[in-house]
């Protein structure tokens, strides 16, 4: 087995802390960038941030905002911001790279949801897996191969943080293209589970606890991670969880009316509780993500989803609100800058700053990350990108040995890993027929007949053809057999 | 890894050939027993056959027939036949045991097909996997644990041939209960594939060939085996297969009308060709069996099945024709004995005699068998019952190292192995909730919502309760949650 | 794979910090106990320490000392000390158990060195592996099985720290007997390597650094661990190591005269450098320990050992200084208490306090520990006790995924694991002949002929017979064949 | 895992039987070639044999002899013989390739024995492993890479039979260079064990039995294979073996005098019995080969070897009798042809003809072969060349699944596989320092100090430099450090 653990192999920086260069690809973001800018201003680090975005104007806006924040009195750190014009200029010599972008337009994300729905597949988000998630991956992987190649050329030792969905596919593509990349995939879902467990501890154990007080042993693949140990300040939470799982609140049924007015992010933990009752381990991702992997909850369409307290991310929502970070909240930095809205410099609770601080030499941080498997999940194949806790220390991210799964859960997870690995392998040569094999394995697709599977695939290809540059459509037997793909 | 390879560990027989004792459990069969009797009469072996059947009368009829055959002039071997009254008396000191029986009545097999159909699951046979196959396994496993215990007591070194479906589950149960048993699971499907390949060789390569001339490298689980090498007298058949797969005959579509009048055993190889085109390896089982594992072909119900040339084994058929060997042909031995029908002593082409002959010291036989994995399929877990070729020699059956699968096929097979292993493990303590975890993993069940999955399971339990003796129904959380199971 | 990761499964203590009960088995120690007592007095924890020792008087002395220290003004924590009379009373309800004791007398440790020497085996320490180390293990394992059983009975959730050599065997015995034990094996060697790397960083990189600034990725088995990444405050030390390895100081040769007057603990890193040059990864244990595994350095006897800067722990040294912790320094606590020596309350730099502090809820600690493998070393078998870094947090010790080895090093390590696992498995039933199979595999023993191997084994058994209670000597074929064992 | 099972992938020969082209590289042999010629004359096959030898004259002599034999009346088959002048001409279009040659002169084989002896290593044969065996491998591997490349070019689908020692290294080199080669390594040792078991059966079980009646389950690496099941016509031989192992004849001790006058091939089975008693499985190779792997028997030099009934292959013997087949018997074909000696046409009992007959379509043959591991030995790494039984059928050689080893034996075998794989991997780039890592792992070398290990290696390189073409001597750090290698 080759070692794929993220590590810096040759750094001669004696003190990065004083001069960190951050390359932010997708830096025109309206949500995460403003938060990062404020966090940096309050940090112990100094340096320069290069913001790059396909929409250059948005990068410029955020650069202006970054420098404006630095002019506030409350800013304790020393950062400067520039909007850059090319990925190469952005990455050259960077210490840290943030990847949070996709180039394909909103309409493709609408296709991800709407076209499978025509075939009866009622995916909840289509951001991770399922036919929509797979096509999102197929559009994203070639771009992330390009990023990996550019990082190898311009900043081979940089720490790369990938926030882009599907996190597993995008992170895997980075390593597949450039095996020595120091990349980690990051996601908020496990943090959400820890917050939720802290709330249960407060409510039922009469303790004062927040997310930081809850530790979990977590493992799996992004958006389908599982917890088999959980403690709040050392107190084992398992007996509480087993008790709660049998209470009424863990056996609620919802209707469409109940959920009216709720955000698509609503999470009632009913999927979580049901899976916990069945398999004895606790899923650690939002219910809306879990259902895309644990596809029983999609059978019966909207009614079933709603019955478990989940709302579907409608394509209309996507059309309006789409951003790679899937936010429904954006920050109007112009309003702050022109005084329309009062500004106060407060830190977010993003783990990014915890990780960055630990990487640059200040303390130890334990948090969940996505990395190629080299033993941290003992019963998944090596090199597949898995999510577990990792220890972050100066210039080092090391996953912990999180063990394995009960057999039924292992079966579920392995099945999805097979799809992911098949797609990524197919992407090396852009072999569309090989990708279709992975598509066929997908649990959502397995509700279709062979003909419908092929037609759905072809229809998605037809709809998204301009954004599937890395794939060889011409020689595809699947497309040739299909009627949904018009051909030349 | 403990060695589970079938082997005789202590035999002091100097010459079994002259005095073989065969214990035939299920010996009242109307199809296979008469064939065996004729084969034995023409063999080089001599001995005694004990016929045991829950229906004692049928065993007595076959014993009479056996002795009647021995009185024919053409009978070259010396065999005697007895109908026995208990399994113990049947097994005591036997050299060879044939298991081909199930005790549960016809109605249970009808449930296996009809109850899932109410939930939209259009299983084709329900003999192997899927909700019906799993329940058939759940009824059968406890009985085969009893057989294993009796074999350990009465004939620990005997060679045990299991023909009972689901072959994987029944054979696995024998080994799980008595790890030193010398049991092999036998099935005709791979032989059928070889016959079919011989036909293709005759038709397209202009050679004279029969099943014996075709050799394959085969691996998988019973009814879901895959061939990745095939030769006819040394000539590689792969180029021919790749050619045929693209011809019109391999791309036929059928309607219900097309299939009218066809037997439920009709096999048009359309499922086979489609899977071959997709995955590059050739499935080696009847299409009606393949679809239960490759469940895309069940989606869309009867129309889809028929479109691929497959007919469903209707419950009416089951009600009329049910026998453990699933035959639609029975042999009227009375008619032979009373002269109503002319009798001629001819051998069948059953591999049983080939295997028995090789085991008793006459030559080497290579054929497909089901055995616990100890490396013969390199990428499935050890101890799972897998089907590959094996070499049969004097008192020895050794599987060949058949290698692994392309990743997508490995993913399909592993998923089913997870179900099988989960059910068998659950059966040790009769843990119904653990069995339900395996049920949930099943690909046919995954088209149901969580509630429907549970209700289908409970309804099957309720319908078959009298035949689920080995299972703990009282403490089951799944049943307690369900409305389909009446409770006490 | 069963999960063997150390963890607390059911603790209801809300705040251990205020009332920690420590059971110290071997608490009469003259070196480590006085250090612990001072560390505790300066800690943030409070509680009670029970000192147990086969030599009760020494435990009483340390209890007096402990309470005397608590009376000092400088003592900020609140601890009380008792000398206990039985293991049961010591362990009952304990939160923390320290195991640091062996019952067999000095003479056995002399045998470990002297008897193999008669056969030409010039072991350096005989504390870990080799014929002497194996017999030390064979005497120790049964005792540690007893401890494990007592812990299961009296304090099943306690954190158990094992310091007793051979650390691998003793820790493995605890888990083999009581798989749910929360035991970790601790050793100073890797800490010594980190200190040494810090010194190199100071000397050659002109930085101010101490052990805490050096982080390593370490893996292997106790006293035979290997580092493949090392950083000092984030600066990669590999280029420095590769440079140093080729300098004169890394290619020194020593004679007996050069080493005269040196302690047996002298460590010139010449073995370390040679192994690093050959295999490209850095061993992380004292040279005197490494040579027992990397047995080329023992061939040629004293001359070879000395040439590489290593002194043998002579049996005369053992006879005088023996203690389980192998100290050559003891602390005269009486002199402190009666005023003969001036006392000042200073903390040691033992990691025990760091671990204990983290376990009881104060911060995160990353340090090397010995634990059953569940993936942390990806190419060693599961359950073998391996040494890697682990993250210590509230009531939780989780090893990191440290990856695998280059093939030649993997071969070396696996060979020793085979010996260890064979001996531990043999100890379950006390099967002496099975233990001899492990003895034969040992690299030091492999320099002997079959007859000499057997006679050495028998002679060690004969000499240590009173301390081999757990082993079945009567039925041993090896002893029966030997002339060195007198028999009845 | 890539499938490495030997197989023919594209043959369009409809009937090879009538026209087989055999390319015999090393065809000037005085022992095996004359036997082959007679066997072919009595076979059911016809064709042409091309004899190639570095010594062309010897090839011409055998060609004359071959054609002379065909002129005998008793010759039933139709074969013609040619002596060819280049490997290319020999291989072009061949159906079968026999490799049985080495180019390096006698003196190198003398070095293999004599130089290690100066360092106290008393290797018995130096043909397989140990310092001499490794150097023989290092000289042979580059040549076999050339053969593999030539086969790929001139006869990619041919069946390649390798008889050249070290069989494991040479066969592994063929596959490493050309993964699709249909090569099998062949050796007589397991056949010898079967013959010996047949003799025991005759002597102790009062049955008439020959080698063909004995079947074994065998596994390991060439010259270090192990049997864990043995039957004679179905009768389990294990009880007999366990009985014999405790008899006096299995506990004999020999002196040099006892062995005087014996051939170096003398085999008293005392090593075999001792290993069987210790580990419970039966080694299946000549004692003189076993001791090179089970190196306890070499410790103590000649006296120990002799005590176990083994004679060393002295270098004087080598100097006189060297041939790649290590024969001490040569056949004077000239004497036959000129009538000095009476000729009669009799077949040998070589398995080559059995295998060739089965491959060309006549029957099934089960015999031991060396092939890359793809599961046949379940606990050795994949791709390592292992020896097990295989089934030979028309154009197909499939190893059986032979299972794994008891842990101690697994440890022994794995250690040697690590050496072999390290050397073969090093040979890809000719990296001499990497090869030295494998050399250091060798059990015979491990009796040397680090300095002696290096000097022995360098001295062997110096002595054999002209025959180490494929290796990079210039950049070797090991040579640079040594005094035994003169440098430029």
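Labels A, B, C and D are assigned to the chains in the order they are written; within every chain, residues are numbered from 1.
The rule we apply is simple: a residue touches a chain if its C-beta (ideal position, glycine included) is under 8 Å from a C-beta of that chain, and two chains touch if they have at least 3 such contacts.
Worth saying up front: this structure is predicted, and the values here are computed from it rather than measured.
Enquirer: Could you compare the number of C-beta pairs in contact for A-B with that for B-D and name the larger?
Expert: Pair with the higher count of C-beta contacts: B-D.
Enquirer: If every chain is reduced to the average of its C-alpha atoms, which one ends up farthest from subunit D?
Expert: The chain farthest from subunit D, judged by C-alpha centres, is A.
Enquirer: Averaged over CA atoms, how far is the centre of subunit A from the centre of subunit D? Could you give it in whole Å?
Expert: 56
Enquirer: How many angstrom lie between the centres of subunit B and subunit D, each centre taken as the mean Cα position?
Expert: 43
Enquirer: Thinking of each chain as a vertex joined to the chains it touches, would you call that graph a line, ring, star, complete, or other?
Expert: ring
Enquirer: Just spell out which pairs of chains touch, all of them.
Expert: Pairs of chains that touch one another: A-B, A-C, B-D, C-D.
Enquirer: Which of the residues in subunit B end up touching subunit D in this complex?
Expert: Contacts found on subunit B: 1, 3, 5, 7-14, 16, 207, 215, 217, 228-229, 231, 233-236, 238-239, 360-361, 364, 366, 374-379, 382, 388-389, 391, 393-396, 398-404.
Enquirer: Give every residue of subunit A touching subunit B within the complex, in rising order.
Expert: 274, 277-279, 295-297, 299-300, 304, 307-308, 407-408, 410-412, 414-415, 418-419, 421-422, 425, 436-438, 440-441, 443, 446-453, 477
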